[in-house]
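Taking it in order: structure first as structure tokens, then the write-up.
Think of it as A, B and C in the order they're written, each chain with its own count starting at 1.
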Amino acid sequence: MQAVDGVDIELQSGEIHALVGENGAGKSTLAAIAYGAVKADEGSVVAGGVVGLVHQHFKLIERLRVWENVLLNREPRRGWVIDVAAARERVNRLAATYGLAVDPDAVVETLPVGIKQRVELLRELDREPTVLLLDEPTAALAPSEIASFFTTIGALAARGTAILVVTHKLAEVIAYSQRVTVMRAGRVVARHVTSETSADAIAREMVGGEVPALAARGSTATAPLLEVRGLSARSATSTLEDATFEVRAGEIVGIAGIEGNGQTALADALAGVVPFTGELRFEGDALRPDDSPASRLRRGIRVIPQDRRHEALVLGWNVRDNVVLGRQRTLARSQYAEAAREVIERFDVRPPDPEATVGALSGGNQQKIVVGRTLAAHAKLVVAYQPTRGIDIGAAVLVQSRLIEARNAGVGVLLISFELDEIFACADRVLVIANGRFAGSFDRATIDRGRIGALMAGNV
Amino acid sequence: MSALLRGRAFRDVAVVIVVVFGFGSIAMLLAHVSPLDGFGALFDGAFGTRSELAETLVQTTSLLFPALGVAIAARAGLFNIGADGQLILGGFAAGWIGAQFPLPGYLAIPMVLLAGTFAGGAWGAIAGFLRARFGANEVIATLMLNYVAVLLATYLVNGPLQQGGAGASETAGLPKAAQLPDLIADSRLTWAFVIALVVAFVLRWVLQRTVFGYELRAAGDAPEAAKRAGIDLGRTAFVAMTLSGALAGLGGATIVSGVLHRFNTGLSPGYGFIAIAVALVGNLDPLWIVVASFAFGVLQSGGVAMQAEALVPRDVVTLVTGLAIIALAGRRVVASLRST
Amino acid sequence: MSRRRVAALALALVWFAAVPAGCARQRAAGGAVRIGMVTDTGGLGDRSFNDSAYAGLMRAQRELHVDTVALQSRSAADYQVNLTVLANKEYDEIFAIGFLMARDVAEVSERYPTRHFSIIDAVVDEPNVTSVTFKEEQGSFLAGALAAMTTKTKTIAFLGGIDIPLLRKFEAGYAAGARQVDPSVKVISKYIGSFDDVASGKELAGVQFDQGADIIYVAAGKGGLGAIDQVKSRPNAYLIGVDADQDGIVPGKILTSMVKRVDVGVFRVCQQAAAHKPRPVHLTLGLKEGGVGLTDFRYTRSVVTPPKIAALAKLRAAIIAGKIVVPSTREELASFKPVPL
């Protein structure tokens, strides 16, 4: 498959250059070619010095410590042994220089995503790159972290490093980049000096037309669906304590919070993957802590997991078999093809081929499959955990619209997201979560951005 | 894990061919034999006459059952290296029951085969239960259960359930009614071969076309996603290991009923271990495994002829088999490192 | 395909093309008599039956200029495979080493009536099979006589593997030999119930020593290793080994070994085959034929004194001359009376 075709991009030392485009437009492939991880069939990459790359999907060795990852293959040695003290010192110095605080001795697998990304970034910075490629660097960061991240990047650029940011977040492109290149279908379709263009204009160039609007919110008659009282739960790296809230049929409840504040434990408890204490009532019936995931599915509780690659999809399988996953007991074999066609059409999965291997699809198209099959399964309650993570505007708007349509049709939606814009766009009510506890509740009419941001940061 | 064990069938076959002929040639040269003579004798011994071809198919059959067992466990993400023990216990149950309870033919053969299937299944189920209930590593459990199986069968056959005598660790002979009928006259090839082929096709159908097969593959390919899709991983592990053991046990029963006509503690020259290689070369796909079993059957039966005819030590076959496994495993490891 | 891969492929092709030319076949030119042998699962290197048979085969290759091959069996399932392959490949004489193969030899010899087979240590009633057996009772007689001459406690023991007719020949000959020398010597007999139970072998040998025996004749396969373990810790106690020369395993503690010369049996059949002569249906080897006998006491000369050796030689001559008829069953043993010489 040809992912990129005849692309020319020129980075200048000292600039932050944004590369934007739809899912599968070839951004990540281009970055990989520039880094040297993928061979170009034609053309060449010329760089004056070391090229660094920070991946969207981190390439860290989970079992190793931070300093071991940062200095991998470049460990300071004393004869045959690694000089651990010097290594720790070097990582600390690096962290201080760029304002990326980490604990050098922490084991990577215990760290939240945001910190892992810092480790990934530090690893590249240690090589003192003259060109730094960042693939969706802010996908996992909280609003306040995003600002400080770009402060760091800006400082780096000021020292003469050329920086290419591959992203779909146009607000960040406008706010932080000096130039922008727009790609579509493997080709460059526009180049701008950022100050001479606008987010809307870039969005239109990416999509190749008008950006689709979010689905309209209908008025719905809500009814009690999920009641949660004093819920506490714990999953691998996440703890939730004493949560009390309700989700009504026909409404979207948004859970706003920074990653790593108990959202995973909440989603897992509802999915039936981890046990809980407290009281959960669904349609008036108590849910038991030892219920299997299958019994939750039978009741109509469906969770869109955060990590689609591991928790939702079988990457080696085709689209059709993945669409069936979770409904394999209710659909007859003869219905598989129809179920796949339905999701492919409603969610505009590209390529529209039920036999395509899911692992080869772009993240956005993978997510469309997960969301599509979840909504097609006659769910009563949909728990959507980061449903638009790492996917571009077109796909995100599509996913959000489908969630809103489900709400309009009487489905209860619990939307857990780290992106405030998404929550404000979709939710009827907003709950703020911080440090594993619920910190505040807002109706759509009374949303106070500043107050919510403060609560998310743990300031009461 | 099963994704790790599966590769591209075609390329794997190419690797195996290169290893077998390349290293086989080197080993033959070290034994001062021309590779042309050596491999000539091997293929002549495997296909040369009708009875030699029949013997090759006997070996194919004996490998096919445990290889299918290994494959179904691997498709569920489990590594069953206890197929040899399951095969031996299956053979024991078949031999003991077949000799102990004479029944008319139309009942005797099914009873003998079922006895082996159940015994092997029960043995696999132990590891499956330990995995499902306590999360015990099935590799260690099945490995250890191999020893227990051999010792248990030896004890039973020499002790409380002794039927034989004459010093060999074996049961009494099976009555004619309990012996699988010959497929080719004057050979040891029986209807077991046909049963094995049917089982392979059924297994493929089960894996590809049934909800059970779907859930089993999901559990193996993406356990976390499978769990969240309502698939009970513990139950799947238990059923897969039971089925895996049952297939190996059925294999043992066919060796007893078709080849030896009695159980002997030495009935397996390590079929359950070679089966791991067969399953890997067959890409864990039942139909490819039929092909792989035949290829290994050729090596097994041709290897003896090669020794008798070209004076190449038969260990050359063991050597190249081992090297082929290492090469395949190496490819998988490299592939998995590249993909992460 | 990368350049490196093309290079590797080319190299491989050259290899296959060039190699066969430079390499000759090992076998002598056509026409030589071909003799094959199938080991039991003990295999070559067992320092016993299989190795002994192989020694006979090698001697035949050297002295009779025949082609030979030995196929090893990894499992009981291999016996028929190996025998069948040799039959298919037109071997002139096919040896099956050990009674475990009796049934397989019977079946294969029926399927290949034009081939000839020999089986060691078992009787197979087929026209194209030579059954090579040994008069173990004769060698055991000498072992029993030596034990009776040597014991200080007037108690000696026999430890067998499984209670089957073959083993009773050892037991009867041994007890008769002891009675011939000194009717007052007590003989205790025990069977382990298996040929590979080392733990029970050790335990039962201990029991026999505790009962006052100071010499044990051990015919128990691998179980004998347990008895060897036991005798190491007993002063003034000895074992008598069996089948192969086991004297060197614990030098000084193995009084002697009653060896079965499988190599002699194999070589004698090979002589017939090499000369294209018919083979006997039954070849029974005793003291006279050199098929059984005691070792040379090389580690135990201090105990086995020249007068004892002379007495043994006299007994041996009497058996060969037919003056002593050694019992081979318990019934015959019951009626055995010392023969005045």
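Just so we're on the same page, contacts are C-beta pairs under 8 Å (C-beta built on N, C-alpha and C of every residue); 3 or more make two chains touch, one makes a residue touch a chain.
Bear in mind that the values here come from a model prediction, so they are computed numbers and not experimental data.
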Chain pair with the higher count of C-beta pairs in contact (A-B, B-C): B-C
Identity of the most central chain, Cα criterion: B
Distance from the mean Cα position of chain C to that of chain A, given in whole angstrom: 76
Averaged-CA centre spacing for the pair chain C and chain B, given as whole angstrom: 35
Whole-Å gap between the CA centroids of chain A and chain B: 45
Sequence positions of chain C contacting 2 or more other chains: none
Complex contacts: residues of chain A adjacent to chain B: 59, 271, 273, 292-294, 296-298, 303, 305, 310-317, 321, 324-326, 328-329, 333
Contact set on chain B toward chain A in their complex: 3, 209, 211, 214-215, 217-218, 221-222, 224-232, 340
Chain B-facing residues of chain C, complex: 12, 15-16, 19-20, 23-27, 36, 41, 69, 71-72, 74-78, 80-82, 84-86, 88-89, 91, 99-100, 111, 161-162, 164, 166, 193-195
Residues of chain B that touch chain C when the two form their complex: 18, 21-22, 25, 29, 32-37, 45, 48-49, 51-52, 55, 62, 158, 165-168, 170, 186, 188, 255, 259-260, 264-270, 301, 304-305, 307-311, 314
